[in-house]
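Dumping the structure here so I can ask a few things about it.
A, B and C are the chain letters, set down in written order, and residue numbers restart from 1 in every chain.
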Amino acid sequence: MERSELEDRVAALEERVRTLEDQAAVLRLVASWGPAVDTGGPDGAAAAGALWADDGVLQSDISRLEGPAAITEMVLSDGQEALIRQGSAHVQALPVVTVEGDHATATNYSRVYRLAGDGHEIWRVSANVWELRRTSAGWRVTRRTNHLIDGGPEARELLQRAYR
Amino acid sequence: MERSELEDRVAALEERVRTLEDQAAVLRLVASWGPAVDTGGPDGAAAAGALWADDGVLQSDISRLEGPAAITEMVLSDGQEALIRQGSAHVQALPVVTVEGDHATATNYSRVYRLAGDGHEIWRVSANVWELRRTSAGWRVTRRTNHLIDGGPEARELLQRAYR
Amino acid sequence: MERSELEDRVAALEERVRTLEDQAAVLRLVASWGPAVDTGGPDGAAAAGALWADDGVLQSDISRLEGPAAITEMVLSDGQEALIRQGSAHVQALPVVTVEGDHATATNYSRVYRLAGDGHEIWRVSANVWELRRTSAGWRVTRRTNHLIDGGPEARELLQRAYR
């Protein structure tokens, strides 16, 4: 075998392994959101904000937040604090992840549960598109768009990102 | 180090990376099913069918569909369209994936939620075994067997595939 | 290129691929728990116990089990058998996995569903920290701590492991 052929194979492997690592990093980021917002307090709120890029946006059918500080503030709000004390679980389902260079998207379902009486009820089942960018500090969310699954076109348009 | 030893290590890495990529592809395929059937229309229906091999079967306790065209037709049916307009979410849980050469299986739970009144209700919690084959166009489902978790032996037999 | 440089790159790849394989093995182990306890019988009970290290502990707010034999016994108990016959699904959500050498942690949400009347109800939504150790037989659980999401500090402390 030529020396250069083996070098080419190693370079190809490095590229493939980097993509697998990127996919794993995106899964980890998406799975980290719930624990951060469901624990709250200064640490949880800071961890939730830190998932976002400086210009990152969290857009849902019920609110729009711009930048890590706004997200941290939301987690520290009275409303969120009350939800945490009630017993909340923001659970992300397995996403369809696509990595392209320094950009990635993850499309998935999410559910928010809250304790009500002696059991948990489902508060929201939503569709999500997470758009992410590789930064010098790792992957960060540039935009998460979230919409209640309500039979309307908005949630369906988000879900289409999984296969288009 | 002998030249051949390094070549052997590179060849072993190529095999291991291929298995990791196969596992990721199977996760992606399983996670794509819900978004396709919950968006529907010509694109969603085609995307749902395209996950199946030409001879692929979707067998559940409530229906049996053979081949991509039958699956596409099901997604376009009045019943499925009504479910989509009501607000449905077919959510796949993290599967146990086993890849062996050009074949793979994924065993998991799934839930179907639908909007009812002012919140989502759980319509079905099921057990699934996805059997897949590597084709020239990528991984495709050769058989998905789905059964309601109803305390009977059928669902339990499916779940046993996760550890047998 | 120096021979040694290529060797270094291959060695680095081997390390990275091993970490990816470890992460996949942890996901697989976590996803295997539900199928084992929801099928039960001698095989399911043995499979559930076999996920634990000899000194492994399953600690929850409702019970404490020490070692594989105690876990196997729990799965074979009348209470668990009744739950299985009723129709149960122990579903693990996507965890945040951290691998450090021969130790790993996985932090996630879990839900237990059971059939009630003509549909499934959510029995428990919990927080989990899975602590694992690499053994000669593969990854095994040394401790799983599980607590109902009830608004109290115990579940929140578990979830904090996802981002601390």
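Methods note: a contact is a pair of C-beta atoms (placed from the backbone, for glycine too) under 8 Å apart; a residue touches a chain by one contact, two chains touch by 3 or more.
Keep in mind it's a predicted model, so treat the numbers as computed, not measured.
Rotation angle for the C-alpha superposition of chain B on chain C: 120 degrees, rounded in steps of 5. Counting the residue numbers used at the interface between chain A and chain B, under half appear in both copies, so the two copies meet with largely different residues.
In whole angstrom, the spacing between the mean C-alpha positions of chain A and chain B is 22.
Residue positions 6, 10, 13, 17, 20, 93-94, 121-122 of chain C are each in touch with at least two other chains. Remark: chain C residues 3, 6-7, 10, 13-14, 17, 20-21, 24, 27-28, 30-32, 34-36, 38-40, 43-44, 47, 84-89, 91-94, 113, 115, 119-122 touch chain B in the complex.
By the touch rule above, chain B contacts chain C in their complex via residues 1, 6, 9-10, 13, 16-17, 20, 23, 93-97, 107-109, 111, 121-125, 127, 148-152, 155-157, 159-164.
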